[in-house]
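The following pair of complexes shares a single chain, subunit A, combined with subunit B in the former and subunit C in the latter.
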Partner chain A sequence: MLEELLMAFINGILLGGVLALLAFGLNLIFGVVKIIHMAYGQFVMLGFYFIYYFHTAWHMPLLVAMGAGIVVMGLLGMLVQLLIINPLLNAPRLNQLLALASLIIVLENLAQVIWGADYRGIPISMPIIQFGDIFIRSSYLLAFLGAIATLGILYLFLHKTYFGLAIRSVAQDVEIAKGMGINPKVIYYITLAAGGALTGVVAAFFIPIYTVHPHFGASFTLMAFVIVVFGGMGNLMGGFISAFIIGVVTSITAVLTSTEVADILALVMFILMMMVRPQGILGAKA
Partner chain B sequence: MKRNSTTSKIVTAGVLLIIALAPLLATSEYMVHIGTLILLWAFVSTAWAYMARFGLVSLGHGVFLGIGAYIPVMLFNYYGVSPWLGMLAGVGAAVLVASILGYACFRFGLIGDYFALVTLAMAEVVSLAIVACREVTGGSLGCTLKASVGWASFQFDDKRYFYYIIFAFLLLALYIWRLIDKSRMRLALTAIEESELAASSMGVSIIRFKMGITLLSAGLTAMGGVLYAQYVTYINPGTISGVGVSLSTCFKAILGGMFNIFGPLAGSAIMVSLEEYFRISFDTGFLGVSEIIFGVVLLVMIIFLPKGIVGSVSEWLNKRFGVARS
Partner chain C sequence: MLTVDAIDTYYGEFQALEGVSLKVEKGQTVIVVGPNGAGKSTLLKTILGLQKARTGSIKFQDEEISGLAPHKVVERGISMVPEGGRVFPELSVQDNLRVGSYNPVARPNAQRQMEQIFSLFPILSDRKRQAAGSLSGGERQMLAIARSLMSCPKLIMLDEPSLGLAPLVVNMVFDFIQQMKKEGYAILLVEQNANKALKVADYAYLVESGKLVYEGDRDSFDKNPYIKTAYLGL
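Up next, the complex of A and B:
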C-alpha cells in the first residue's frame, strides 16, 4: 500500500509537470488577452489528432510529425484570435466565454466527423524504470522533463526577449503599453500562437501516454482551469506550484478511491477556491 | 404603443394556438415526438433564462436537470414510489441543492463569468457523482425507467399526453415570466445587475432576490428533468446532467434571445428541428455535422447578434415602424 501511494505521489508530480505546461498556456492567454480560453483542452485533443494524422497518413517520422503538429496548433491559435477573439475584444466577458464554449462544440464534432469516435493512438512502447519496489514509466518521466524544459524556455522568452517584455507589459497595462509604441493586437496574436503551440507540445508529450478520442480534451480543460484558479488567474508562478499540488492530490485520490472521486475533489477545490480566495494561493488581496 | 401591444397579443395568441392544435394536424407520431421535445427544451431554457436575463448566467443547470431526472426514476425503480411523490422529491431536492449552492455563490459575491465558471464546475461534479455511484445509477451507461403505463405511474402510450402536459408546463413558465415582469423582483434584480453597491445602498436585499429567482429557476428546471425522464424513459449522466446539457440549454435560449419571453421557445424550436433534420438527412455517417453547423451559427450569433433571433427581430421591427417597446 505504501509503495502504491508513493508511486501515485511520483506519478502525480510527473503528470503535474505536463499539467503545469497546459495551465501555463491558459494562464498566459488569460493574463495578456484577458480571455478565458474555454476550448483549451480541445486544442490539445486537436494537436494529438494532427500528430497522429501526420504520422500515420502522411508517414512523417514521429518527431517531424510532432513539430508539424506544434506549428499547426500555433497557426490555429492565431486563427481563433482572428475569427473569434478580435471581434469580441470589447464585448462583455460573458459573451467571450460563451463564444469559446461554442468553439468546444465545433472542435469536438469536427474531430468526430474527420477522425471518427474511435480511440486512436500511436503505439510506442517505452521502458519502465525500476527503483527497488517503485516503478516509474519513462514516458511520464520524459513528459515531465520535457515540460520543465519547455517552461524554462518560455521563462527565458518572457524575460530575455523584446517580445517577452512586450507581452508582459501588455499583461500589466494595455494603455501604457500602447503609449510605449506596442501594438496590443500583434501581442495578442503572438500570445495565442504561443498558447496554441503549447497545446501542440502537450499533445506531443501525451502521445506515448494516452490514446485520443473526440471528447479527450474536456477533462484537460477542466484540469487546467482548476490549476489556474488555484494558483491565481494570471499568476504564472502560482499556476506552476498548484499544478503539482493538484497533480499529486488527484493521483493519490484516484489510487485510494476512483478517478471520478479524484475529479470531483479537484472540482470542489476549484469551487471553494473561487468563492473563498479567488486571487489564488499566491495572489495578493485585490 | 397601444397598437403595438395589441399586435403582440395577437401574435402571442396565434403562436400558442398553433402549438395547441399542432398534434391534431400532425401526420405522424414522429412529428408529435419532435414537438414534445421542442416544448420540453423550451420549458427548461425558459426557466434558465429567468436567471440569465438578469445577468445570472448559470452554466450549471444540468445539476437540477440531473437531480430532477434521477431521483424519481431511482425511487420508482428501486422502491416503487409513485412518480407523483418522486416528482416532489426530485424538485424538492433540486431546490434544496440550489439554495445551498446559490447561497454560497451569492454570499461570496460571485458574479458574471466567475459565477458561470463555478456553476459549470458544479454541473460536472453532479454528473461525475452520478457516474461514481454506478451500483445504483448504472453509471455512464445510464438507466431505464421501469415500464408501467397509466396515470398512477405517469407514463403514457399515446405521445399526445406528454405533449399537452409539457405544453401546460411551458405555459406556466411563460406566465411566471410575465408575473416576474410585473413584480418588484424585476426592478430589484435589474438594479442589482446594474450595480450591486447602489442597489444594496437603496435597501434592496441582494441575496434574497437572487435566491428567489434561483430557486424558482432551479425548481422548474428540475421539473423539466422529471418530465424528460418520464417521457424518454431512459436517462444517462451525459445527456441529462453535466456540461453538455448545461451548455445546450443556455445556447438554445441565447440562439432565440434570452431577454425576450419567446426567445427560448424559438431557440429550442430551431435547434431541435435542425438537429433532427441533420440526423435524418445525413444519417450516422455524418454524425456531428449538425453540431458543427450549430456551433458555427452560435459563434456568429454571439459575435454579431448578441440579443438573439427574437430579440434582434423585434428590435428591428420596433426601429422600422418607430414604435417604442411597451
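Up next, the complex of A and C:
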C-alpha cells in the first residue's frame, strides 16, 4: 500500500508538470489578453489529432509530425485571436466567455466530422522504469521533463526578449504599454500563438500516454481552469504550484478510491477555494 | 515642431476638448495649466493617439499624426510621462527602462541610453533589479521620466509630474525638467501647479473646461490679473 501511495504521489508530480504547462498557457492568455480561453483543452485534443494525422496519413516521422502539430496549433491560436477575440475585445466579459465556450462545441463537432468518434492513437511502447518496488512509466517521466524544459524556455522568452518584456508590460498596464510604443494587438497575437503552440506541446507529450477522441479535451479544459483559479487567475507561479497540488491530490485519491472520486474531489477543492479564498493561493486581493 | 489645430475630443457623448490649438517649437518648453478635469490629460492622450480627436489636425514635424496609433506616434519621437509616475509595478526598474526603448528607432541605442540614464539618476542604478512598485513616489516619478527618455524622443510630454509629491521632491522633479530643457528636448508640460510650471516655461496656455482661455509668454502670464488670483495665489 505504501508503495502504491508513493507511486501515486510520483505520478501526480509527473502529471502535474504537464498540467502546469497547460495552466501556464491559460494563465498567460488571461493575464495578457484578459480573456478566458474556454476551449483550451479542446486545443490539446486538436493538437493530438493533427499529430496523429500528420504521422499516419502523411507519413511524417513522429517527431516531425509533433513539430508540425505545434506550429499548426500556434497558427490556430492566432486564428482564434483574429476571428473571435479581436471582434469581442471591448465586449462585455460574459459575451467573450460565451463565444469561447461555444468554440468548445464547434471544435468537438469539427473533430467528430473530420476524424470520427473512434478512439485514435499512435501505439508507442515505452519502457517502465523500476526503482526497488517503485515503477515509473518513462512516458510520464519524459512528459514531465519536457514540460519543465518548456516552462524554462517560456521563462527565458518572457524575461530575456523584447517581445517577452512587451507581453509582461501589456499584462500589467495596457494603456501605459501603448504609450511606450507597444501595439497590444501584436502582443495579443503573439500570446495566442504561444498559448496555441503550448497545447501542441502538451498534445505531443500525451501521444505515448493517451488515445484521442472528440471529447478528449473536456477534462483538460476543466483541469486547467481549476488549476488556474486555484493558483490565482493570471498568477503564473500560483498556477505552477497548484498544478502539482491538484496533480498529486487527484492521483492519490484515484489510487485510494477511483478516478471519478478524484475528479469530484478536485472540483470540491475548487468550489471551496472560490468560497474561502476566491483570489487563489497566490492571487492578490482584488 | 508640434502644431495642434482646433481639436475636439470626446469620451462617448461628453466633449472633453473643444477647438484646442497649441504649438511647441523646437527646444521650447510649453506648459498647459488649468484646474483638475479641464482636459489637460486628454490633450496629451489625444496627441499621443490614446484618444482620437473627432475633428482638427495634429502635425508633428510637418507630418499629420492625428489618427495614428500610439506606437506610430512614439516611433516619430514623442514620448509621454504619465500622470502619477505610472510605472509597471511588477517589472524591475531596469525592465521599466527597457520597455521605454521598445520602439524600433530606439532599440539599437538602448544600452547606451540606459547607461546615460544610470549616470544621471544613480538612485535608479542602485535599484535596477528592484520591482518598480517598491520605489517611493518621487523615485517612481524619476523612473517614469527616465523611461520616457529611453525612446529617443524629440518631444517629451509630462502629465502632472508634481502630483502627490512632497514639496522637496517636486523641486527635484522641476530641476530635472530644467535640465532636460537645457539638453534641447522640446517639452510639453501639463500642470496644476502653475507657480512651479511657469518657472520653466517659455510659453503657456490656460485651459478651462476643455477650452483654451488664455495664452502667452511667461511674463504676460505672470502679469495677467485673473491668472494671478485664480492660479498663482498672489
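Just so it is clear, the second predicted complex is superposed on the first by the 286 of 286 C-alpha atoms of A that agree within 3 Å, B and C clash if a C-alpha of one lies under 4 Å from a C-alpha of the other, contacts with A are read in each partner's own complex, and residues count from 1 in each chain.
Definition applied: a residue touches a chain if its C-beta (ideal position, glycine included) is under 8 Å from a C-beta of that chain, and two chains touch if they have at least 3 such contacts.
Computed from a predicted model, the values in this text were never measured in an experiment.
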item	value
Overlay on subunit A: subunit C relative to subunit B, clash or fit	fit
Touching partner for A:Ala143 - first (subunit B), second (subunit C), both, neither	neither
First (subunit B), second (subunit C), both or neither touched by A:Ala65	neither
Contact breadth on subunit A, by residue count: subunit C or subunit B	B
Which superposed partner A:Met180 touches (first subunit B, second subunit C, both, neither)	second
Subunit B versus subunit C as contact partner of A:Ile190, first or second or both or neither	neither
Partner chain in contact with A:Val106 - subunit B first, subunit C second, else both or neither	first
Partner chain in contact with A:Ile241 - subunit B first, subunit C second, else both or neither	neither
Subunit B versus subunit C as contact partner of A:Pro87, first or second or both or neither	first
Touched partner set for A:Ala166, first subunit B, second subunit C, both or neither	second
Distance in angstrom between the closest Cα atoms of subunit C and subunit B, superposition on A	19
Of all residues in subunit B, those that touch subunit A in their complex	57, 59, 104-105, 108, 110, 112-114, 116-118, 121-122, 124-125, 128-129, 131-132, 243, 247, 250-251, 254, 286-289, 291-292, 294-296, 298-299, 302-304, 306
Of all residues in subunit A, those that touch subunit B in their complex	36, 84, 87-88, 91-99, 101-106, 108-110, 112-113, 117, 214, 218, 222, 225, 229, 258, 260-261, 263-264, 267-268, 270-271, 274-276, 278
Residue ranges of subunit C touching subunit A (in the complex, touch as defined)	48, 50, 69-71, 74-75, 79-80, 82, 86-91, 95, 98-100, 102-103, 106-107, 147, 151
Subunit C partner contacts - residues on subunit A that touch it in the complex	162, 165-166, 168-169, 172-173, 175-183
